[in-house]
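Working notes, beginning with the structure itself.
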Amino acid sequence: MSEIILDTKKKYDVVDITEEVVKIVNNSKVDEGTCFIYVQHATCAIIINENYDPNICDDLLDALDDVVPEGKWRHDKIDNNGAAHIKSSIIGPSETIFIKDGKLMLGRWQNIMLCDFDGPRERKVLVKVIKDEM
Amino acid sequence: MSEIILDTKKKYDVVDITEEVVKIVNNSKVDEGTCFIYVQHATCAIIINENYDPNICDDLLDALDDVVPEGKWRHDKIDNNGAAHIKSSIIGPSETIFIKDGKLMLGRWQNIMLCDFDGPRERKVLVKVIKDEM
Amino acid sequence: MSEIILDTKKKYDVVDITEEVVKIVNNSKVDEGTCFIYVQHATCAIIINENYDPNICDDLLDALDDVVPEGKWRHDKIDNNGAAHIKSSIIGPSETIFIKDGKLMLGRWQNIMLCDFDGPRERKVLVKVIKDEM
């Protein structure tokens, strides 16, 4: 299991971690296998989508803010981040991607991103590579 | 593969199953591996989030009810639970968590919860633990 | 790893791929294991839900269109499919299902579906079956 440690920069932030995940897959020397990604924070989530146009990440953050507005939740009285917990629950902390011929099988327009809904903070993403039994 | 059987108590209910999953991981004697959780019901979902403040679970249920209101769906004419199916589809039935040194690698503020959007009923959650190849 | 190639028919389309996934599981001859499903497109997603009443799929598409309306996103200026990317990010590209006694452990009311939010197009779904270590 490997770790990616990073600092998010804003309250709502999307950070592309594709390059770091690819490095972990390369270092694993696994040719045929599966890669699991997991974020250990209850106000973050992992998405796989396009980042060639980074506007997509901003559009996603806006859409989630429309759907789950800030400031109207029971938990806000305790920690003032109720919306962040709801967004994280909906999107989820884990993703699974295949490895073939040593290459992460992302689609042409797919990158791996950490979403932070309660930044800026230091955040940790766990990555595990499993080799296929032959 | 292990099963967790439980009774939900309300139409919308969130039940913390972390303790049961931890027991299954402990019984597996797996030190380094991966734990998969899956719910076999089309009106339930699995989330990983905070439950130290249980208000977060109620906030999530309210948010989903705002976003997917009851009573306006084609399927309601057949089974009167269209909203429950939509919510389950959006959140999803499976989650993946790592095991290290025999310990489930949840974050400090992460618990595992079954969401029922069409209770109260008896519900079943499947859990599988896979050992890493060394 | 196997591939399912299919043509979606409409801009918003949900295609049931359960039968194709079951065939792949049968061909794998794996009795006890895990099946992973992954879609390589940033405007698609995989859901597991009921399709006995296909209205549920239409209800889901309507609900997502209510929540993430077309035509108001930054990315629309570039590719006119911002809403599709947001919906795909929220639902996600991967699902995990167990195999027991050679059978995919879907619930009685669960099918596996590809959602296309930017069709009609040729789409590809990847499926991997892993055998449990005994």
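When the chains are written out, they are named A, B and C in that same order, and each has its own residue count from 1.
What we mean here is this: contacts are C-beta pairs under 8 Å (C-beta built on N, C-alpha and C of every residue); 3 or more make two chains touch, one makes a residue touch a chain.
In this text, all values refer to a predicted model and were calculated from it rather than measured experimentally.
A.B. asks: For copies chain B and chain C, work out whether under half or over half of the interface numbers are shared, and give different or same accordingly.
C.D. replies: Comparing the two copies, chain B and chain C contact each other through largely different residue numbers, since under half are shared.
A.B. asks: Report, in degrees rounded to the nearest 5, the angle of the rotation taking chain A onto chain B when the C-alpha atoms are fitted.
C.D. replies: Rounded to the nearest 5 degrees, it is 120.
A.B. asks: If you average the CA atoms of chain B and of chain C, how far apart do the two points sit, in angstrom?
C.D. replies: 19
A.B. asks: Can you list every residue of chain A that touches 2 or more other chains, as numbers and ranges?
C.D. replies: Within chain A, residues 67, 90, 92, 96, 130, 133 contact more than one other chain.
A.B. asks: Could you pull out which chain A residues touch chain C in their complex?
C.D. replies: The touching residues are 32, 34, 47-50, 53, 55-56, 58-60, 62-64, 67, 90-92, 95-98, 100, 105-110, 130, 132-133.
A.B. asks: Going by the contact rule at the top, pick out the chain B residues touching chain C in the complex.
C.D. replies: The contact residues of chain B facing chain C are 1, 36, 38-42, 67-68, 73-75, 78-79, 82, 85-86, 88-90, 92-94, 96, 126, 128, 130-131, 133.
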